[in-house]
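Okay, so chain A shows up in both of these, paired with chain B first and chain C after.
Up next is the complex of A and B:
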């Protein structure tokens, strides 16, 4: 804009002088752009890039978080990661929680959103009800469910000792319980996002589909769902990131037990870093998690984009 | 990047900055008991429990504050999962407290001042056994004893048990009798409780004849497989198999396990002497609580697994070291403060007494007749995180792991973590 003004203001300028003026204008524009971008750049560098760099550096050390200085030990932490059965188990559990949780949160989220996609008082109340667990802290929810599902909890007290159910004491039951509670506590936000997405589907398109004789299922599958594609992408990415770093709820619900069976990857990072005072080893696990999260996020986004483009075409 | 990873990284970054600014010195700051202003605010990071509340600590320091014009004391509760992790986070963010009131792993010792070689320091309980590099860095008001079995006297009567068991074999037989009488033989819980109870029972056997066992394990001269831990793990495996200890015990929280025991549903409960406070404050108990020392393999009287009760450390980074030292000296030597501290958790200290209950007296008798003390699963020579690993391994017995595999896991973990 600025360059075009100058060119109209001085149409008779010679070619060299014009180029020089345009170059000056570009430099001024660049300087202004950099000046405007500087604050966010400093923030990004200070809060993300520098910490990542330091975490990567620490992952190559044996630092315990107290003594100093950290000693470089090469790739030893990363080699140890591959040999550590606790890390392997935590990684498997986290992937299981992420896979099952992502499907469950999105299917439930979309299903409930479709049920609540009409504006009336009851639905407004139900929306709040569904979203409520997401608002309450994960630690509080963990303790709440622990008191409900524990060996002496409300459910087992109700069914009696003879029919006692090992929700939190048997490894398989505990994993299932953890996944169920995580999904219950998380899918409220998916409902809200899907509801927002459904509001963007034009009524005229749905009306047109009805006039064409589409059944409700066909309307959902052929009209609503394709138009919700961007919302699905956002929901899947959010849930995956959230579940890959699940920790607080497990801490309060099972404390990683029984026998470490419900210890997630982040739980293991914190155990290594703080309980075992092996911050270098914990940093190596954090770096691996970071790489996984970035890779998965990019992969999902790319896959969804291709899918959306295919639908649009 | 996850926000948690970002936070951890930021904290680590701050740590490096702090370290660089401090020159990574281990001897900076005024000498212990030396300089430092005699007025100001002292921050105390304390282990907050249902008994050791903020109000408790505030009451404890109140007379000191009153007699020191210009001095205030702020009691801080942990923001992390425990005191040590909170301290680690505060150290890396450059906002460490002046005093820490909690048992800490020796790995933290380098951040603490060495207490002076004075009689008031050396006379504090277990000051010698917790030295790191010959320096006393924690001083306690009292001593906790943990190799204790609390029992339901009514349940024992109904089960036909006339005298408390002394050997593992007698203990196992009594568990069966209690189950037959309709009781849970041994009350336990998930969280940290399972492993802690195991170490309370087995550590006298592991360390009783060889206090340097952990050091020898680090030199690979001994193994868990050939130790008393193996004997106790096998016994424990049997208790689970026979149902004397319910398989679903791990679904209990610590507080619930106390409540269940006090509700009269279980026969025995292995716990430290701090349980006295809960028993003493329980209202309308339907039975009388007794206590005896944990069983040994041969029936002999065990040494007591003991720990420093309500210990204090002073940070090297404190700008009020002199004043902090005055406060710690007051807390561990003032008769009223020490007595209040001992009474709060049913702790002990030679030369101090307080009016207690029949149960307090019974525990005191066990302590007096014990042939000595042994350490817990933390302390000099013990790799950080061993307590957590032991807990996981003992819990694995409940999930179908054999005692043989469990003890092998301990050796494997120790080999992987020694000297980390």
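Up next is the complex of A and C:
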């Protein structure tokens, strides 16, 4: 609340008494202000910012969760990270999932959004249908697909033992399956967001393109897609952040198997932290992931802003 | 033109098949015997459908689905209530205050926007241990509420800035305090943005696995739907008469709720993602 507004509200106050009354009112307003902002500030400071600092600290220790205090061991955790084949494999897999998944989710998301863009009952139903995985949650979706694609799952039971397919038991197949299930469970969100984006493209512009003789293909590439640029950025950022931290779905779908082949980066963090009680080592991996996610988000947003400025200039 | 139409129909058919297939399997196989699930996973069971497996899952001594529902629902309500109590007045103060420290506080509150909760679990355990709150429901609720702060602050502040300041002035002349002004005058106007925040937070809490699993922990004996299903299924993943009924029980109420609230839920997510 501003002091100037305070004074206009009390036109009767004047002179020295008025000044001190105003000062008192201002102080009271500031106190109320701080009291209002304090609770979330305490929560965020205590349970997000301090923990980030602690993660950095723990990453330089050998803390196992029980012995206190943790011993400082310098950069040993970070060095070990680069030499640990499990971590390297998980990092590679996570990047692969993120790269393929981001492209697939956005292409599918936009494609299906274009398919369902017209407003009618069937499309409204289909919109609800593609989005339902989001409310079911990754753990249950993982179990569901594991009971469909597992060795004795529905598909293999239906085709018979002779023709059974190693969806989750062969390392290469398992990676492909994991990526497909991830895309299946998350592209509905992209469909919904792209549909919202398409609503913002004015009909008049599309009409104008048609009158100018543009084919549907040209209308898409030259008119709709450029106008969707901000929507694309939102979708890409959301998918990238989501996939860099993929964990629950893999846990339920493959439990990291076969032989640890489908362990993601977060999977490894939580395994080294809790199953192997190496919380210091887990913290080092967490710090790396935080840095990667923040960097990627900032980079994508900055790149978008630069390209928007280039268009404006 | 007709080729286009055929392509469109085929694409829609494929989409429906891929999305409905898993639901169909979950629904039908929850009523079949293990033998029938393995023999005719997609078709009509020789032994007929039976409610036995569903009631077995409902009354299983290993995992009480109904209790898990109660617990999860309670967590959803508690986190939403705490979120509004904590973030509401703060967002109002930030939106109305033009000082530099208001902006600084806003930035601090947004700090968690890109920090994945899963990477915070380890150090948060450290903090909660120091506070004696690890493995307790209050500790869990505090952390879960904290994770909702960044997005909610962002949405609320943007909304309050569109509410005319004249309303505050009028309330103050009528003698309302700042809290009174917020809760009685501004908050009732925030219904759409509160609905958006509640949708995002509720789904976040409902589907959360990592925090109830690691902050609350199995030793607390408190299971949410996700951690309970995980505990029940991961041990018996090949006994499909346990797997399918449990999945159906965990999913069906959410799907029914979703079907009735789909406009709110999809709208809420869209608003949250585009503004956030």
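Some observations on this one:
The definition used in the following text is that the second predicted complex is superposed on the first by the 264 of 313 C-alpha atoms of A that agree within 3 Å, B and C clash if a C-alpha of one lies under 4 Å from a C-alpha of the other, contacts with A are read in each partner's own complex, and residues count from 1 in each chain.
FYI, a residue touches a chain if its C-beta (ideal position, glycine included) is under 8 Å from a C-beta of that chain, and two chains touch if they have at least 3 such contacts.
Since we're looking at a predicted model, the values are computed, not measured.
On the shared subunit chain A, the superposed partners chain B and chain C overlap sterically.
Within the superposed three-chain model, A:241 lies in touch with chain B and with chain C [touch as defined at top]. By the document's definition of touching, both partners, chain B and chain C, reach A:152. When the two structures are aligned on the shared chain, A:206 is found in touch with neither chain B nor chain C. By the document's definition of touching, both partners, chain B and chain C, reach A:270.
Applying the stated contact rule after C-alpha superposition, one finds that A:254 touches chain B and leaves chain C untouched.
In the superposed model, A:283 makes contact with both chain B and chain C. In the superposed three-chain model, the partner touching more residues of chain A is C, compared with the other of chain B and chain C.
Of the two partner chains, chain B is the only one touched by A:167; chain C is not. Judged by the touch definition given at the top, the superposed model places A:292 against neither chain B nor chain C.
In the superposition on chain A, A:54 makes contact with both chain B and chain C. On chain A, the surface patch touched by chain B in one complex and by chain C in the other comprises residues 47-48, 50-52, 54-55, 58, 65, 146-147, 150, 152-153, 241, 244-245, 247, 251, 255, 266, 269-270, 273-274, 279, 282-283, 286, 289-290, 293-294. The touching residues of chain B, when paired with chain A in their complex, are 1-6, 8-10, 12-13, 15-16, 19, 24, 80-81, 84-85, 88, 91-92, 105, 107-108, 110-111, 190-192, 246-253, 256, 259-260, 383-385, 388, 392-393, 395-396, 398-399, 401, 416-417, 420.
Every residue of chain A that touches chain B in the complex is listed here, in rising order: 47-48, 50-52, 54-55, 58, 62, 64-70, 80, 83-84, 146-147, 149-153, 156, 164, 166-171, 241, 244-245, 247, 251, 254-255, 257-261, 266, 269-279, 281-283, 286, 289-290, 293-294. Interface of chain A with chain C (complex): residues 1-2, 5, 9, 29, 32-33, 36-41, 43-55, 58, 65, 112, 115, 122, 126-132, 134-140, 143-148, 150, 152-155, 157-158, 184, 189, 192-193, 196, 231, 234, 238, 241, 244-245, 247-248, 251-252, 255, 266, 269-270, 273-274, 279, 282-283, 286-287, 289-290, 293-294, 297.
Residues 8, 11-12, 15-16, 18-23, 25-26, 29, 37-42, 85-87, 89-90, 92-94, 96-98, 102, 105, 108-109, 111-112, 114-116, 118-127, 142-143, 145-146, 149-150, 153, 168-169, 172-173, 177-179, 182, 203, 206-207, 209-210, 214, 226, 229-230, 233-234, 237-238, 240, 243-244, 247, 250-251, 254-255, 257-259, 262, 265-266, 269-270, 273-274 of chain C are the ones touching chain A in the complex.
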